[in-house]
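There are structures below to look over.
One chain, chain A, links the two complexes that follow: it is found with chain B in the first and with chain C in the second.
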Partner chain A sequence: MLTYIIRRVLIIVPMAIGISFLIYLALDLSPGDAVTRMLNPVQTVDPERIEELRRALGLDAPLLVRYWIWFSGVLQGNFGRTLTGGVPISRILMERLPATLELSTIALVLSSIFGAILGTISALRRGTTTDNVLTVAGMIGVSIPEFFFGLVAIVIFALNLQWLPVGGRLLPSYDSYWDHIPNLIMPSLVLSIMMTAGVMRYARAAMLDALSREFIKTARSKGLPEWRVNLLHGFRVALTPVVVLIGFRLPILIGGSVIVEQVFQWPGLGNLFVLSVRNKDLPTVMTIALLSVVLVLVVSLVIDILTAIIDPRVRLGGD
Partner chain B sequence: MALSDIVSRRTRLDRQFDQLRRLEEAGKLKPASGSRVVRKFLNNRLAVIGLVVFTLILLASIFAPLLTPWDPTKINLRAINQSPSWEHWFGTDKTGRDVFARVLYGGRISILVGLGSALISALIGVIIGCYAGYVGGWLDAIVMRISEAIMAFPEIILVLVLVTILGQSLFNIMAIFIVGGWCGIYRLVRAQMLSLREEEYVQSLRSFGLNRALISFKHMLPNALGPVMVNITLSTAAFILQEAGLSFLGLGVPLSMPTWGNILNVAQDLTVLRNSWYLWLPVGIFISLFVLSVNFIGDGLRDATDPTAQG
Partner chain C sequence: MRILKAAAVALLLQTGISTFAQAQALNANPLSDVRVRQAIAYAIDRNLIVESVFGGYAVPADGLLPNGPFKSPNLDAYPYDPEKAKALLAEAGWDSSRTLEMVYYYDDQITADLMAVLQAQLADVGINMTYGLIVGDVAKTLNSIPEDPKGKSVVTWDMAYGARAAMVMQEYFNDYATGKASADGFPGSPELDALIAESNTATDPEAAKATLMKIDEFINANAITLPLYYQQLQSVESTRLDRHGEPYGNDQFNYDWNVHNWTVTPDADGKAILYTNGAPLDYFEQPWVNLGLWAGNKFIWAHMLGSKPFLDGITGGDLAETYEMSEDGKTLTFTMREGTKWHDGEAITVDDVTFSLEFALKTPNLQGVLASVFNSIEGAAEYVAGTAEHVSGISSDGNTVTIKFTKPNANTLISFTQWGPFPKKYFEGVDPTLVQQAEFWQKPIGSGPFKVEEAKFGDFSSFVPFDDYYEGKPKIDQIIAWSSSDGDVNMVKNASANRIDFAVTKVVSDIEAIKALDFMRLTPLDIPYTRMVWFNQYDK
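And now, the complex of A and B:
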């Protein structure tokens, strides 16, 4: 088990470092550096003073040294400052993080529950009308652009029925944290819809696979009631790949929240990312990209370890 | 639910099978002709519906000048913000451009971006995957690391990072999609090649002294084409959705060019959303229908080419 974990870590750590180097290269090659950003564009400064400042900050060092300075800063949570406004990037990230976490956790939980249940039903009723309807509904779910889905939801529930607010999160008029629950409903549901369809497909295939195994026949031949066979023997085994799917969904979740946050003006990281891309604020864009890559890699590592714990075949079967 | 229920439950496939058996007993069954893949595909109702819708929308975009007299980019200040009428089927936008014409002409670019990027990434992925997968060695190791690095990025993050660096243009958007898109097909073809490499017919070709490129491209590749075709359709759908999303954010193809996403861009305005449904609802339905039809085709292709994936 320990060798398995070490082997996985040895694959992932060099990759994260390699990607961080690429990201640093992109930052380094872009016009301007920390000094030009500090200067007041109106004032003219003695070029010698600029050179001095560069040397003091270590900007004249070779590329690898500069990378190391940047990288050790990143490890301590120092990502530099934004191009627009010059605020420390780590500070805005922390401001935005709760909003995104809130939205994605709810979407992750909802899509796991709905997807697993619908997929299992679909598999148990394989080939029937229920299965066909669910399959087609899943296809429709992944085919509608999520922002279009969000727009339709806004028109129906916010503009016409006026049940829910159009967007935003913690509005100034709110007294307590719980007042923003209505704001949360539409974005989180829209974000879960697309992922539910994916989980459903996967859960259905996993359940069908599990149901065709020998141990299901054994369980049936022991005379166990059908629900016990399906739930305790089939569903449990089918659940492993569904857990794995959480890892696969993370990139979808990040991508989905970028667009959904924009539609509902949700002040999270996705919203910040789009704003930074629009302003060509490369340091912020790259920091968010780096963090999302690291997050994806770490989660995939955790998922790999979890599946190895659940399913011994994984850790013993070589790669 | 007892076991007997499961066995006795009749599905459409069962009924089809009974029908076939009746025909066979009556001696009316003709021997099957044509490609088995084509027959299986045509037997899949959803795939056929998908193919019909796909063809209709594709033809409507290609022959847009025959279907609408309006120019999608021509500003007409005498006809701004009109509701749908016989003259303007989907109304006109705030600069008087005919929305129906924009949807048809926009389809050209959206489909070009989706299908074009998918085909080019497939071409790149197949060539590299085929050769690297068969030959292995350092070339394969390097390409594998590159693809892993690219795939570690969530798709939209990578796309937007590249948009920030390269800027927005039709060419850039397609290039960016291809940079993110070839890895999937490369890995798929590579995996196929690795499993085919040990087949006996490959070993015998090798012992005949055929060169590696000939073996991998001419003799092994055709056996891996099924999943590649499925992957092309599915990535076409994905790219069209991505283009729409990007343009909706205003970060995709430049706004001066009509694409489905760019037409939807106006829907960020709440008054448009509330008052002018015809500006965004029909386009949204067009995108959804087109992507749905491509997904149906992809699913049908998968069932037709890969019997093990059929659920």
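And now, the complex of A and C:
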């Protein structure tokens, strides 16, 4: 297993480079650049001034040169500065990351726990009212767009009941970290519920699949108690695809949930990502994208390892 | 002499209109035929568009200039008349198999709806039209023209939908000058060029107004551009806010709105907090680009002179206590107000002004009217080209600053109502090309009634009264502005939650929603903002 892990870690590096270059290329091929985004479309500006700005921002250099300047900076721990505002990207990350992390961590944890539990209950109670209610709830959860769910929550809890703030994260009057918890409740719960629905449906299907396997029948024929059959044998196998699903949701820790952040005016990385794409601020977009890519690659490795630990049938690297 | 010159131009124009309007297609492009353009004007029902697409929150337009003192009585309204449109098309030999390509740059639903209506109305008279959003380099797609006005068009579009929000009326027309890269798609004419030049140099406001009306008539008679509607700006205010009679005006620009006199009902803690939107998402935009567009900049910055609410005159000095313009309109002298300070407590000096004027000349996207005025300062060209260390036409003596211009400009004074200096000490060593990328814009040190207390980009910005503001400390204890871009989608939501006391909007759905809130009020403002269709008349 150790050889397999080392091999996979070594592969992550060229993969991250390759993927980041493809993203850079795709962004570069789309029309316009950061300078065109700064201009008022109908205000004619001295083209010489604009070319000077382009040169000063290094946008006149060939694609490969620009990519290399950015990437070599990243290798030295320097993510560069935003093109439009000249702000160090590392500073923006430090400002925005906590907002995204607290939101997405809560959503990931809650959705993983409740999704797995509710999905399992639904499978074990197959065909009962409980199962039907949970299935319908799951269907609704995965079908309703996040923005709609968010807006409904705002109308009910912020505007009508006035229990929670309508959006935003901080205020000048917040003296301690805990002051902003009311702001956190609605976006994190909306994100959690939406994600729970997906995990629940996945867990139910996986549990049903596991319960129909031969080894479950064998366990039952051995006279093991039902809870033991379900939880120690069934649930353990059913957990594998659920872990994969949860694992591949980890990148939202970096990218944030773009929609929820927009609806709740949450100043996280998801909002920043949208703004940067709109401004064609390549260094910022690339930094967030690279972090997401690395996270996906690392998570995929971790999932493989976890799968092998959870499911005894899985062997890594042909070990 | 100036009046005589204006009369001569007007006479020339009369001749120009009669000959030009009778002309047929100028080249192989059917849109160069005035009859085709007029047919399109007759085919579009602007009243219907205003009522159905804009919910009545716009005014059908007949000219480019807004309704009011600059409106000419001689404009043809091109009333909706599809039969007349068909007759004109037949006369022009319109090829009904041809499809016109319309482009636009607003990515909102209302524009998509408008495009569908325009497409249907043109189809009714036998004109096929496709439409699409411009992506990428919008300015280049819109504004590229061939080097030779008689040359082939360098863009593919036939019609473009866009807007002009004018600080001064000349802005509506300057782009029509021959050889000026712009979206109007008009190759130019000597008659119009003469009028445009006249409108810019006329220092007599009445003469300038008459010339501007003539230009609008010329464009109208020849259907060079099709004005669709005037967009109103709505001032959105909560009932907590009391402006104490301070005026409403063109909130996209700077005027004497005297926000330091406004009050809001204090909250339970006794603190008078005004909530608004428009705080920056990642940095404060430097205020020489979009002038008064961002509320934050209006709080932070003072200007050299004060403007009337709709930018139709000067109210007096602001940072400059007095000003004097020479008879020939070529020398402007400011006497700076004593005791004005930056938000860091340092005195505002003539050095800050002279430095900022030179600095502005080298910034990349100085607002168009300001650029036109500043570039006509004596020695500006040499300074920009790098052959002179300073601008020879800018000098200071004691607390006066004197600026000499190479030619008079009708907009010199109004430009200084929109422009104020930066504190020199923060910009020494900063490359003017990268002015917006300076660290300064994370928490700018300004000169206006409020100073930046805190900026949590993407979340909010907080402004507090500047104790040393020369007109007196503002009465509001704090302004909290939610971060948002232009056309903020969260404005209504925040207003519904009592988190907006002041905002402006042009978005129809927002206006409808705000109207339903009994603790909010709307005040429509007739600003110079015309949405129009440009015709590409270059050869294709």
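One rule holds in what follows: the second predicted complex is superposed on the first by the 243 of 319 C-alpha atoms of A that agree within 3 Å, B and C clash if a C-alpha of one lies under 4 Å from a C-alpha of the other, contacts with A are read in each partner's own complex, and residues count from 1 in each chain.
Here, contacts are C-beta pairs under 8 Å (C-beta built on N, C-alpha and C of every residue); 3 or more make two chains touch, one makes a residue touch a chain.
Note that the structure is predicted; figures quoted are calculated from it, not measured.
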item	value
Which superposed partner A:R220 touches (first chain B, second chain C, both, neither)	first
First, second, both or neither for A:V166, with chain B first and chain C second	both
Contacts of A:I154 with chain B and chain C, given as first, second, both or neither	both
Partner chain(s) touched by A:V87 [first = chain B, second = chain C, both, neither]	second
First (chain B), second (chain C), both or neither touched by A:S143	first
Residues of chain A contacting chain B in one complex and chain C in the other	30, 154, 159, 166
Partner chain C, residues of chain A touching it in the complex	30-33, 36, 38-47, 49-50, 52-53, 56-57, 81-87, 92, 95-96, 154, 158-159, 162, 165-172, 265, 267-268, 271-272, 275
Chain A partner contacts - residues on chain B that touch it in the complex	1-3, 9, 11-14, 46, 145, 148-149, 152-158, 160-161, 163-165, 237, 241, 244-245, 248-251, 264, 267, 270, 273-274, 277, 280-281, 284, 287-288, 291-292, 295-296, 299, 311
Contacting residues of chain C [partner chain A, same complex]	105, 134-140, 142-143, 162-164, 175, 180-183, 281-283, 289-290, 362-365, 367-368, 371, 431, 433-434, 436-439, 441-442, 453-454, 456-460, 462, 478, 480, 482-483, 490, 493-494, 496-497, 499
For the chain A and chain B complex, residues of the former touching the latter	15, 18-19, 22, 26, 30, 123, 126-128, 136, 139-140, 142-148, 151-152, 154-155, 159, 166, 204-205, 208, 220, 226-227, 250-252, 254-255, 258-259, 262, 273-274, 276-278, 280, 282, 285-286, 288-289, 292-293, 296-297
